[in-house]
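In what follows, chain A forms one complex with chain B and a second complex with chain C.
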Partner chain A sequence: MPKSLALDPKKMKEAEAALRTQAAKLLSEGTVTVFLGHEEGWDGLPVPFFATTPGEAKRLVWNPLVAFNLAKYLLDRLTGEEKVGIVVNGCGSLALDRLLKDRRFPRERLFVVGIPCTGLLDPDKVLALPDEARQTALEGGKAEPGLFLKRCGWCDAPNPVVADVVLGEKVPEEAVPQQYPRVEEIEKMSPAERAAHFKTLYEKCIRCFACRNVCPACSCRECSLDQWEPLWLGKATVPSEQLMYHFIRAFDVAGRCIRCGECERVCSVGVPLMELNDKLMKDITELFGVQRPHVPADVEPLGQWTEGDADLEAAH
Partner chain B sequence: MAQSPVPKATRLVKKVGLGAWLTALAADNDVMAPVTVDGKPLFRWIGAGEVGQLDLAAVHTVNSPKGGVMPQTEPMLTYSAVQDGSGGKTLDIKPAAEDRPAVLFGVRPCDAAAIDLVGKVYLTGEFTDEQYQARRDRTTVVAIACAAPAKACFCTSFDLNPGAARGADVVLYGRSGPGSVAEGDAYYAIAYTERGEAFLGGAAAKAAGVSDLPAGERDKLEKIVAAFRGLATPLGKKLGKIDVADKLEGLFESAYWEKVSSRCLSCATCTFVCPTCYCFGVADTGAGGQGVRFRYWDFCKSPQFMLMAGGHDPRPAKKNRTRQRFLHKLNYHHNRCGEYLCVGCGRCVESCPVGLHLPLVVSDVRGLQP
Partner chain C sequence: MATSQEPVIVGFLCNWCSYAGADSAGTGRMIQPTNVRIIRVPCSGRVNPRFILRAFQRGADGVLVSGCHPNDCHYSTGNFFARRRLMLLKRYLEYLGIEPARFETHWVSASEGQKWAEVVRSMAERVKALGPSPKLPSLL
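Let's look at the complex of A and B:
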């Protein structure tokens, strides 16, 4: 587990106060017209929140449960000239950088407040805890590794990679080898076993598109999966279409997935979507030598062409 | 509304007999029941071989059993181009093959009520949906009273409760009353319809050891049923009776819809897990002169839902679509049918990735200035 996972609720509380002050200042000075953050929802879990006045900025929260990546909401604000404020931690900044590197939102219309991250907990798991254990985790910062978001386990970017201002001290970074144990298991299967495995996975899918809609790498103006002419994806929820959906989705984010795992986390029926994403990332590492395939880069393996490309060699 | 219908038959079934019951049923029926798959409780069609996976522990399956009467994908007709004898071609259209009779087993009272509630849309008024009618006519709903309502349950905010019989042919009530049902324990099986009565007297029920009520246990049964019907629900207690239909009349143009919809992901999670959302689309699939026309679940949160040929969209923004979903449930349907299009199952509360659900909207609307 990365050393940065030293869950620090006290530090987060300080960051929350600084965040409210910062957002209120940005809104009152007119630097931004809206600030994207989280507020406390109905059941105490943070939900995405868009503050438009300094008063509303007081509702912003920053605690170990702010799992939701906010960057995708920028796509709702593509039109207009307004400047948008947004708070990001490490992985939140990867999501934001994904959209920036994909040139889906102009950097000059953003004011990014970064907060170094000491790890986040899985809201569903925390909500299921008995009251006392929940308090120990959220206030005392004592949490079993299994309570953290899965993505924390492979996080090597706890500090924001994009920020106009950083609240709080940077946390120490370390190299974390990206490992894909689930992919290795599937790779060992026979073709028949693998086919059976995929069928079991995807016959559960109810095709709600939450995985696609939450994904910061899914940012096309029009999604092929929504098109009627041509109809790439049939409307019937039959195994062939289900597989079509999942393979198209995975291939369309190949090389751009930030490994945040939000697709898998928001899936209500438990489809392990990261298996395919991880497979593609593992391949990118093996074929193109990219050690951190989840980190957006200016020149990416699938966004360029060189004479030494592995696929070219295979073609000869 | 039949809140306390008169029992037509009352039997006893041991918990250990449920597996044999489902196995016997599966021989002649399609059986849908709650099973746990990789830690997630789901309503699924199960074969005789999967009966062992029956799991009645979870109050909420992630999905509702609505797919039992409104399949997510349902063939309506098949078509094929055939030679007409004079060198031309004609279209041969056949209705879709009928499925076997179905048993929806272990349905919670909220979900059973939802089947009855949605049935009014399909079966009353000027137009009867014949395919839906046929499916309902061959479906038996076996409900199970909730021993311990979940945190997000609010059926009691409507004219329902954890022991309600609306929409159910048979309801199973844990013999020891609300609380967990121990191994070796039994259920009172009460039939509320003629179909349910026949079901309890059928061969499959005999295979499960469904027996007559022991002498002298009728008083106890009535107390137990009353105890289930008197159970409170956690979110229902907090929310009280839903009362916003009239108030919403004046809130169509409220700025609230813009505000609350801003965090919506435009996904179908709320719609597809909801037992009372019933909208569908129709599409064809086929090649080589033959194919199938089918209907499939559609969802009003989708940017494609109202998109017209030619490009016009009457609900172009998340604001319009979110308002539609909640006004449909809390106002339009209430105006048309005299009841809300919600049964308080709480699935939207549990499943929405961004916490945008009906109880939240109800409580927000109460605080809005008209």
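Let's look at the complex of A and C:
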């Protein structure tokens, strides 16, 4: 786990105050007409919140539980000329950058408030804690490594990569080697074992499409998997189609996945979806030499080629 | 299919090289197995990885993608993009539990009827040796 991951609730509290001031200022000056952030939900967890008046900006929160990916909400505001404010941390900015690099939202209509990140906790795990332990984690900043979001474990971009203004001190960055232990385990199995592994895990899918909807790399206006003509994906809820859905979904974001693991986190039946995404990222590093495949590049790995690419014909 | 003795291989052939290559193998009366069901595509770069996943889902025993040699693409760069994409897909399919020999890519030019016949013969042999893909319809 990166050293920069020392949960700092005090720093987050300061950032929260600065965020409210900044958002209120942007809204009152008319720089933006809406500000995307989080507010406290009924169960204490932050929920996405769209502030439209300086008064509403007071409801914005910033704490170790703001795991939601706000960038995806920009797609609801594609039409019109209004300028949109958004708050991002490190991984939030990667998601935002993904949409910008995919040219899905005009940069000039955005005002990005960045907050350097000291790590986020998994809301579900924190909510399951006894009251005292929860308080220690959220206010005292003492959390087991297992309480952090999975993505914090491999995070090498705690500072926002896209921001118009950064609130608070930058966090020291360090190189974190991207490792894929789960993928390596599966690779050791025989083909039949692997087939059985994926079948058992993926046939649980109820096709709620939460993984697709939360994914910053899945941003098409109309998803081909929703189409009837051509029918890329059968509508029957049988294992065959569930697996097909996941295999297609993961390959479609190959080279563009930011490894935020939100798909896996929001899955309502607990399918370990990152096993597929991680495999593709691992291979992109091995085959094409991309060392940080999760960081959006101007040209994605599959959108380019070199004469020296591995010879496919010789691979048999 | 799973029940028949002869394996079914779905072949995606580019219009400019491999399709013509397969044609020249035919007009040259070369002996070749009949396992490949050919689908003509404009370019190997046209082959969406979903086509291949879908073919396996619907019970194909093997999938063959064939296009122009690198640097010979009718559209200059189509096969270079395809090469990257399909290389990644090949490893992905293997990871999903589909034996690697079931998916192959070859570069066959319009004049290489001989090579085409050889590609089909050897691939059909390998896929036949693996047997039908009983797992695939239930897996995918």
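The working rule: the second predicted complex is superposed on the first by the 310 of 316 C-alpha atoms of A that agree within 3 Å, B and C clash if a C-alpha of one lies under 4 Å from a C-alpha of the other, contacts with A are read in each partner's own complex, and residues count from 1 in each chain.
In this section, a contact is a pair of C-beta atoms (placed from the backbone, for glycine too) under 8 Å apart; a residue touches a chain by one contact, two chains touch by 3 or more.
This one's a predicted model, so the numbers in the text were calculated from it and none came from an experiment.
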| item | value |
| --- | --- |
| Which of chain B and chain C A:305 touches, first, second, both or neither | second |
| More chain A residues in contact - chain B or chain C | C |
| Touched partner set for A:232, first chain B, second chain C, both or neither | second |
| Which of chain B and chain C A:269 touches, first, second, both or neither | first |
| First (chain B), second (chain C), both or neither touched by A:47 | first |
| Which superposed partner A:73 touches (first chain B, second chain C, both, neither) | first |
| Touching residues on chain C, where the partner in the complex is chain A | 49-50, 53-54, 57, 70-71, 77, 80-81, 83-92, 94-101, 104-107, 135, 137-140 |
| In the complex with chain A, residue positions of chain B that touch it | 37-40, 42, 62-63, 72-73, 151, 262-263, 265-269, 271-273, 281, 283, 285, 294, 296, 299, 302-304, 318, 349, 351, 353-357, 359-360, 363 |
| Residues of chain A that touch chain B when the two form their complex | 41-43, 45, 47-50, 68, 73, 76, 204, 206-210, 212-214, 226, 234-238, 265-266, 268-270 |
| Of chain A, residues touching chain C in the complex | 183, 186-187, 191-199, 232, 239-240, 243-244, 247-248, 251, 254, 279-280, 283-284, 287-288, 301-305, 307, 309-310, 312-313, 315-316 |
